[in-house]
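Here it is, the structure in full.
All chains are identified by letter, namely A, B and C, in their written order; residue positions are counted from 1 within each chain.
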Amino acid sequence: MTSKTAFCLLGSTALATLGSAAAAQDELNALVWCDHTDPALIEPFEEAHDVTVNLREYEGTGAALATLEQSRPGDWDVLVIDGIDVFRAIDAGILAPLPADELPTDDFFPEVVMEDNNSRDGEIYAVTEKFGYNTISYNSEAVDEADMQSLSTVWSEKYDGRISIYDYYLPVMGIAALAEGIDTAAIDADALGPIGDTLSAMRGRAASVAGVVAAQTALATGEVDIVVGGGEWLTAVLAEEQPALTWTIPEEGAVRWTQSIGVLADSEKPDLALEFVKYIVSPEGQARLATSSCFWGMPANAGAGEFLDDDQKARLRWDDQEDYLAATQLYPAPDTDLDIEMQDLWLNTLQQ
Amino acid sequence: MTARADTIRGWGFAAPALVWTAAFFVVPFVVMAAMSLATLDGRTLIWGLHPDNYLELASKAYLARAIVVSLEITLTVTVVSVMLAYPLAWIIAFRIPPRWQRLALLLAILPFWTSYVVRSYAWLLVLARDGVVNQALLGIGLIDEPLTLANTRFATVTGFVHFFVMLLTLTIYANLVQLSPNYRKAAADLGANAFQTFRHVVLPLTLPGIMTGAFLTFVLCIGDYITPQILGGNTELTVPQVIMVQLGRRADFPLASALAVVLMGLVTLAYLVMSRWLRLDRL
Amino acid sequence: MTRTLLPLVYGSAAFVFIYLPVAALVLFSFQDGTLPVPPFEGPSLRWYADVLADDDLTAALLNSLGVALLSASVAVTLGFTAAYGLARHRLPGTALLRALLIAPLTVSYLIVGLGLLIVLQRIGIGLSLWTAGIGHVVINLPLCFAIIYASMGAQNVNAERAARDLGAREAQVVLLVTVPMLAPAILAAFFLSITLSWDEFIIAFLLTRFDVTLPVEIWSMLRSGLSPRLNAIGSLVFLVSVTAVILLELVVFRRRS
């Protein structure tokens, strides 16, 4: 490359960067999970409102809260956050109240409206947008399906070394609690004893503790037959080619994950941000979010059903949701101290 | 030009780099060290001289374990990489005709230019239960059952060694070709066999180069997050993985900083052990 | 017999090891299915089409290129001036200054990134490609300095002195004599910096916001699930990088030697 072309390239990149900063009046900045980065979801909103939506993915609530607390007013407009962590964002004072009457929560699956989580002192600060389950994914050709119906037989000796554990402590410890007959909402410091024992037993049988891709690779290549903490979001993409890979909710139940969306108190475009939130929870937005390229999940708004075809609904197991919602509990929502203890217990178990 | 004017000009030339290093390296490092002595009350950061984070290293078994795991992996990788790369560099330097050497060397390090994140992922596919390695071993009848290779420490080490063998082949080759052939000839004339020549002549002369390469391997390996995260299966955690966990869920910058300082301490230790052979400003 | 056979066997084994992951990566980028795992279901270009149509990836690729070129230019410029200042002028405490400039080389990238992140957050500078670029200069500056400093031998001093005796001012000496004579070292430092910045993950991950570099974008893809798209983008990056390397080898370095 000659220095001249290099210089031109440099110049154009720099100009593009500066250019995008200059056009700030038409932008919305959102801190999100990866399912929100699908252009099929975002572009219709951008076109309808003639704006650019800037998206940044993040990995942990702590990192997101730190980012938001360090930022200047106007830096961020919209936040997508783990449903169980909404209270942390409210505590930190970073969310703005939402107008309840403009949100279609009446059309939602009632179990996921989660008013207690999303509001405080009568004000709503966030709204649930998507949910699913952390449960048991397995290869139906390699395991006895009856064994998968009870947590007591999932990590039994029969499947020693055939198990992978999903790499996130909250849902997995929630499943461990359910196996011990402890409600996830009742987890306290005392409950960590039996949960730790179960976790240890589970870990002893496991070949790996894997993130999404490693767990999928392990399942698809037959390295393991079971993923504890898996679910539709893990196996659906694999099932297209390997229909034997499936998931179930055992009789003890499983844990339910939810994600919420809200507007930031420091936003300088609260109206546009609210429009975005309304778009995401509208039936059309919900259908697109449910089938986003990063991961699929059930839309909170049952009205999205009209915009999903039969295949998509079958894949989401739309008709089973009533049973599933009844059989599952929200995953643990510890306060700061308990959270530290849970994470320490988890890391200690990994390192054992 | 007077000596004084000369010195002033010298500062003029050196100043931009020195200021850059001070502003974007030294200052952040000092702030991070100060951060490691701060503490979190809920989500509020309290500066001061609190040893809490360092005490946690003693009280939380997984933190101490992470240091051991990191050291074990890094030392294994460093030693294995040097031992694999040295013969390869030797073959290229002394067994391949000079006009083909550059090509051979280029070929040996070409996969260096695959994206680093993708390279770890590629190893995950290669080492999988029905991946290439298992299929080949089954095919030649060496094993009856597929081995569990992915998501283990073996996988992490393999991914690292692959990368560092390329890097070290390059640096060791550069050292070998700088040796005058006369040394080897003289040793042969004095009756040394090939091994004696290597042991008493070539190895001592190339040791500084090897050590410099080994030290860089140590630094890059012990601070790496991607390779153990993708390949290691989280059956054990390294220090960088623990740091990222602290940043992600809890945003515990003080504890993360303390771990980073510990990491820095390990590198310094390695530096002190190897310093008599290192030639860092003569790469 | 063993004199030729052993090196041949070892060399071949080493090359198999080195090319194994690349071969698997490229092979399954042509997978005609949705999973990049055996069995291979026959060649298809669908994942390449998919990747090339992805605007986020294209944008990330351009971002990476911009950050790499700009940060490498700054690192080489600073590295050169510092090397010149230290090698050609009498400065007090040269050994200490050299140690300071080399120091970032002995520190893990994670530490460089974490330190910068903390400071930038404290003083309220927003994260962007620029901040990632600053981090890349920090890690590449010591390499550039070391490479150029090492090549500032005595033979150049005489040429510089001759130029000065003929009335050239110092700026002219540097630009017209020193830089051309050190061109191989400067170019080597420049291309090494580009390579390292182009492929750097953790600093770019910690220090960018909306616009990200290619390794960060690939990391996001990796977290979203197993797909031959990853193989396709990996193969493309390899193809582009290797083409650049071979062109450089043929055009720049071959001509000089």
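The definition used in the following text is that a residue touches a chain if its C-beta (ideal position, glycine included) is under 8 Å from a C-beta of that chain, and two chains touch if they have at least 3 such contacts.
Every value quoted in this text rests on a predicted model; they were computed, and no experiment measured them.
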Of B-C and A-C, whichever chain pair has more C-beta contact pairs: B-C
Distance-maximising chain from subunit B - centres being C-alpha averages: A
Approximate Å spacing (C-alpha centroids) for the pair subunit A, subunit C: 35
Length of the line joining the C-alpha centres of subunit B and subunit C, rounded to whole Å: 16
Subunit A residues counted as touching two or more neighbouring chains: 66, 211, 213, 217, 221
Residues of subunit C touching at least two other chains: 37-38, 122, 222
Of all residues in subunit B, the ones touching two or more other chains: 121, 125, 128, 130-131, 230, 247, 253
Subunit C-facing residues of subunit A, complex: 1, 6, 9-10, 13-14, 16-17, 20, 29, 34, 37, 39, 54-57, 66, 70-72, 75, 211-213, 216-217, 220-221, 237-238, 240-242, 293-295
Subunit B-touching residues of subunit A, taken from the complex the two chains share: 59-63, 65-66, 69, 91-92, 161, 164, 167, 206-211, 213-214, 217-218, 221-223, 336, 339-340, 343-344, 347-348, 350-351
Contacting residues of subunit B [partner subunit C, same complex]: 3, 6-7, 9-18, 20-22, 24-29, 31-32, 35, 84, 87-88, 91-92, 95, 102, 106-108, 110-119, 121-123, 125-126, 128, 130-133, 135, 162, 165-166, 215-216, 219-220, 222-226, 230, 240, 243, 247, 253, 256-257, 260, 263-264, 267-268, 271, 280-283
Subunit C residues within the subunit A interface of the complex: 33-35, 37-38, 55-56, 62-63, 65-66, 69-70, 73, 121-122, 124, 126, 128-130, 209-211, 220, 222-227, 244
Residues on subunit C engaged by subunit B in the complex (per definition of touch): 4, 7, 10-11, 14-15, 17-25, 28, 36-38, 77-79, 81-82, 84-86, 88-92, 97-98, 100-112, 114-116, 118-119, 122, 134-135, 137-138, 141, 143, 145-147, 149-150, 170, 195, 199, 201-202, 214-215, 218-219, 222, 230-231, 233-234, 237-238, 241-242, 245-246, 249
